[in-house]
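Labels run A, B, C and D following the written order; every chain starts at residue 1.
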Amino acid sequence: MDPLTLFTLQTLNALSLSALLFFISLGLTLIFGIMRVVNFAHGALFMLGAYVGVATQTASGSFLLSLIAAPLAAAVLGLAFERCALSRLYAREHSAFLLVTFGLALALTEAIRLIWGADARQAELPDSLSGIVFVMDEPFPIYRLLLIGAGLACALLCWAGLQRTRLGLLLRAASQNPTMTAALGNDVGRVRAAVFAMACALAALGGALAAPLLSASLGLGSNVIIDAFVIVMIGGMGSFLGTAAGSLLVGFAQTFGNYYAPELALGMTYALMIAVLVVRPGGLFGRVE
Amino acid sequence: MTQRIARRPLAALLAAPALVGVGTARAQGQPLKIGVPTAMTGTWAALGSQVVRSCRLWQKAMNAEGGLLGRPIEFLFEDTQGTPANCLRKAQEMVERDRVNILLGLMASSEALAVMPKLAEWNALFISSVNGAGSITAESWVPNAFRANTSGPMGARALALWLRNSPQTDFFSLSLDYSWGRSSVETFEGLLRGIGKRSIGNVFAPVGTRDYSSFITRVRQANPQALYIALTGDDGTAFLRQAAQYRLFERMPVVTETVDMLFTRPAGEAAIGLVGGSRYSFAYDIPANNTFVSRFRAEYNDLPDTYDGEQWQACEVLAAAIRKAGSTETPQVVAALRDLELNSIKGPLKIRACDGQAEQQGFVVRVARREGFPYPVPDVISTFTAAEVTPACRASNFT
Amino acid sequence: MRPADPRLVLLLIALAGVLAFVLPGHATTLLTEALILALFALSLDLLVGHARLTSFGHAGPWALGAYLAGAMMLSWGVPLPFAVLLAGLGTAALAIPIGWLCVRTGGVTFAMLSLAFAQLGYAVVVKWNAVTGGSDGLAGIPRAGLPDVLAGREGYHLLVAVFLAAAYLVAHGFITSPLGRIVAAVRENEQRAEALGHDPRRIRLTVFVLSYFLAGIAGALYAGFAGYVSPELFFWTVSGHVLVMVILGGAGTLIGPMLGALVFFYAEHELSALTESWGLFLGLLFILVVIFAPRGLMGLVRRTS
Amino acid sequence: MSLLECRGLTRAWGAFRAVDGVDLDLAEREICAVIGPNGAGKSTLFAMIAGNLRKSAGTVRFDGEEVSQLSAPALASRGVARSFQITAICPGLTALENVRLGVQARQPLRWRPFGGSAAMREGETRALHWLERLSLADRAQTPAGELAHGDQRLLEVAVALAQEPRLLILDEPTQGMSVEETRRTVDLLHGVMAEAATAVLLVEHDLDVVFALAPRIVVLHRGRKIADGPAAQVRADDAVQQAYLGGLD
């Protein structure tokens, strides 16, 4: 491959990885941005999305349906959990949320193992998505282009949703000043419930989209959560724009890092995170608390 | 401390359906307790479930025939989640509280390396059925440790021997950056030189890599005639699926050190054509293996995979040693294990006295579609004698 | 919450130490590991409870102490007590630069920075095969230089109990010392602390270094106990577990996190012996504890007594 | 030689100059009030003097030493104590502990990591003394966060005084207090300020309090000093009335 083709391919690889990482971390930043809470169960919800996605696709044969069923299932679970556990803790310290979401992560991971067993689960992609397209006469999977497209669409959708709609305004207000928002007659409790459910749905959507690449397995949860933390911190906790930038930065750093210096790649991601947090404690686009 | 509640593991969906003893166990004597601290949850859960179901099947078979030396077999399964800290604690508790002196089924190499130095102090013995790291029967070897399963280097050796008459000469290697991966690639590259072929490069993906796209591009850039991978479990599945989406296998055949249905089955179509060493294949056509496979399918309605077979073989080795020793005490069983010979489901087998490694045949398999099976399965395409595939005593490699 | 009366705590630790001669063998070994984890949780409580700096990377000093002590005992046969202390000091030395970067921030940023450093430790240890044994770790670590009476099960248990008691006295002595009170002032109101002539960053650094020192000691004791160290010790799940122990026990009371460590350790150990689905029950247990025991177990103890 | 010498103190955010070239001298034990309408730059001026805010220009000499670049903690350990517009006390610690921390700020071995119980006990007795002087002794063991707003303001003064400072900065000590509380606070402040060997810089809106406590008054308007002198003279100064009471331009 000549250098230009190589560079183009690597850029596409990096974009597809960035899209995947964006889906992984979006739910985390939404929860932190609105509720100032770190969700330890984020990885388990991502894994749940992968399993539900694969199960739906195996049963119904439609990949699209799996992309709807997975977020829905997680949203219902998230809503139930928020109503019966989280809603009692808003007056409490951060550590309460840490412990309760840690408990959810443990319980959810074990529940998944009980329901679907220990073996990895997989579903074949529909033919329309498992083809390739030639980029400078080198094969590139269509599914990864779909991933890039979906990532872009979701980014725009979320951005527009947050900036342009009344719900978005409400969410941002609740994140900056919950007491004031409540004083203005909005039921902040319901906003928080909606936010937690939406964040769970986004995590599960990420899982369903990642399943064709990674397959649904029990190790998925604990590996993914670290990447999500890295991205959300680099981009800026609670900043939607920061998460998009963080995903791109880490996606390109990992893709090109793995190519030129795989030896250092593992440590490099964390060194990058340390560098950003030391220079800008709030992350690239975040507000310092 | 809490009185030991009779251990009834929850009939988890995946585990075997409740074992209804076919004939009442005629064995009366005091039960022979065997400890199995393995990873039943966490990232290695799939391997752990194979170890557990194979032990249960063997227990049922042995107890139906009156147990060992008249004593019924009782397995103590403990979940270590695949971490050395848990494994040490669970193993120590089994040895000291339940008077267990036989340990089987440890999952990660790091767990085996943590437990082995303690065997002398516990006066216990360990027969490995999963750990492939060369060092277990080399620099880290201890007298009470034995390895009934094929080691990583032995798998690579069988593959290299098969590749002697294959047209490809330029190989590229890909693995994860941890010790099993590195030793597997190192062994394979050494063997390549031995059969007049050469390695044109290798790359080690960081542990925990999810997206292999840039490594696939790296392989394409190197453009070898064949690709050697040392990946298993979720990593193997992820790589095979993603590489297939890049149509990598249309450009070059892929070979691997060990083919497990564990990662070829979820890879589906992407695994077809994969050639590699095999630590155990249900397709190995000898009477002993066929009876085991039919018994396994009758019990679990599933094909026995690599670690089902390896665990069963390890149990067979233990049984032969206990019968030969006429006792279940550690010193006697360890002595009986040295130079023990038996016919197992993988053919003739001999436990070497000097490093506890079981000299056994090497197999090479290819994953292909086969009627009557819902997913592509590995088929044995070549067999090599024990002498050809087993490394020298206490060597983790082939000079 | 006020730390409990030290005499009571020392009595409890002495009791735990003496139990070694009463309990059957395996139960003593279990209790030894539980006491080491109690020391680990105690070290984190200095940060989380006393300075309100929630760390997600406390596995870092723990694993570093384990590796330092393990290497010293394995390669140079340094006697265990010295290896443990030197490992603690080594960890504390490294905690100065790391701490200087971390304590500048607070809240989640501090948590994530400490997590990043622990993961960086993991990456270095996995890669540096020559010294750390890579992903296989270091095996067969001897309890070097210990007379037989201390190297045995009961002896080592007593040694751990002594280290735990000493660590508790150090921690309690620190938080009731003038500097300890200033750390509390910085926790409560940084602006007031500055107006009293204290630089918040430097004050936080002192408690950070002491916490890492004690965590290094705990890790070193674990290396002597298990005789094996591996990169898994750095893993973020270890940091998660010790943080849960502190919160479960009741942050800020020193004795609470130690009890939290025992409860967490035995709950996970016994539950996983009873059923493969121990994760489900342990997870639900945590959720219930958070909802019905706001100040953790110590809160419950205080409310009932 | 005066205790505090400020020359050309300026703080500008872009074009807006919150404090514009203010000179201010303060002698040992001199009590001076700084008044001015909202936004005149009073708090900004104090923040620069106490090291809480970087100076755009100007120098500060304290006790003959050039201290313009020093941080708040450094200035505090040189004998500058202050209260804040928004009360800055340690809510989780008891009132006694808060004041004891003030006493400890002057003790030589204040950063001892271990022991020091004798010095701590001695600190507590001194602290109790200040609590009594500010009539808070009966709530010594109450967590500061649970005190009433007025008491919290008084507690903050007690903490500052416990530091036995050379210069005490009081930022609107009676702010948010009822008339009755204000009168009580003024009496208490009058007593303690006479007793303590410290110069005082006082910011206050309530002119009755100012004239009751401060013999000398400085008036700020739009960041510039428009009057500085004995209370009676400043009171009569038409420029002050112009800026304060009459036609604001």
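Just a few scattered comments:
Keep this in mind: contacts are C-beta pairs under 8 Å (C-beta built on N, C-alpha and C of every residue); 3 or more make two chains touch, one makes a residue touch a chain.
If you're wondering where the values come from, they're calculated on a predicted model, not measured in any experiment.
Set side by side, A-B and C-D show the greater C-beta contact count at A-B.
With centres computed from CA atoms alone, C is the chain lying nearest the middle of all the protein shown.
Chain B and chain C have Cα centroids lying 36 Å from one another. Centre-to-centre separation between chain B and chain D, using Cα means, comes to 76 Å. Work out the mean CA point of chain C and of chain D, and you get 43 Å between them.
Multi-chain contact residues of chain D (touching two or more other chains) are absent. The residues of chain B that reach two or more other chains are 12, 40-41, 177, 206-207, listed in rising order. In chain C, 123, 126-127, 277-279 are the positions where the chain touches two or more neighbouring chains simultaneously.
Of all possible chain pairings, those that touch are A-B, A-C, B-C, C-D.
By the touch rule above, chain C contacts chain A in their complex via residues 48, 54, 101, 104-109, 111-113, 115-117, 119-120, 123-124, 126-127, 236-237, 240, 243-244, 247-248, 251, 277-280, 282-287, 289-291, 294. Against chain C, the residues of chain D that register as touching in their complex are 50, 52, 71-74, 76-77, 81-82, 84, 88-93, 97, 100-102, 104-105, 107, 109-117, 119-120, 159-160, 163.
Against chain C, the residues of chain B that register as touching in their complex are 1-2, 5, 7, 9-10, 12, 15, 40-41, 78-79, 83-85, 88-89, 92-93, 95-97, 109-110, 113-114, 116-118, 133, 135, 140, 177-180, 182, 206-207. Interface residues of chain A facing chain C in the complex, by the touch rule stated above, are 32, 38, 40, 85, 88-89, 92, 94-96, 98-100, 102-111, 113-114, 222, 225-226, 229-230, 233, 237, 263, 266-267, 270-271, 273-274, 277-278, 281-283, 288-289. Those residues of chain C that touch chain B in the complex are listed here as 23-27, 29-30, 33, 123, 126-127, 129, 134-137, 139-140, 226-228, 230, 232-233, 235, 269-270, 272-279.
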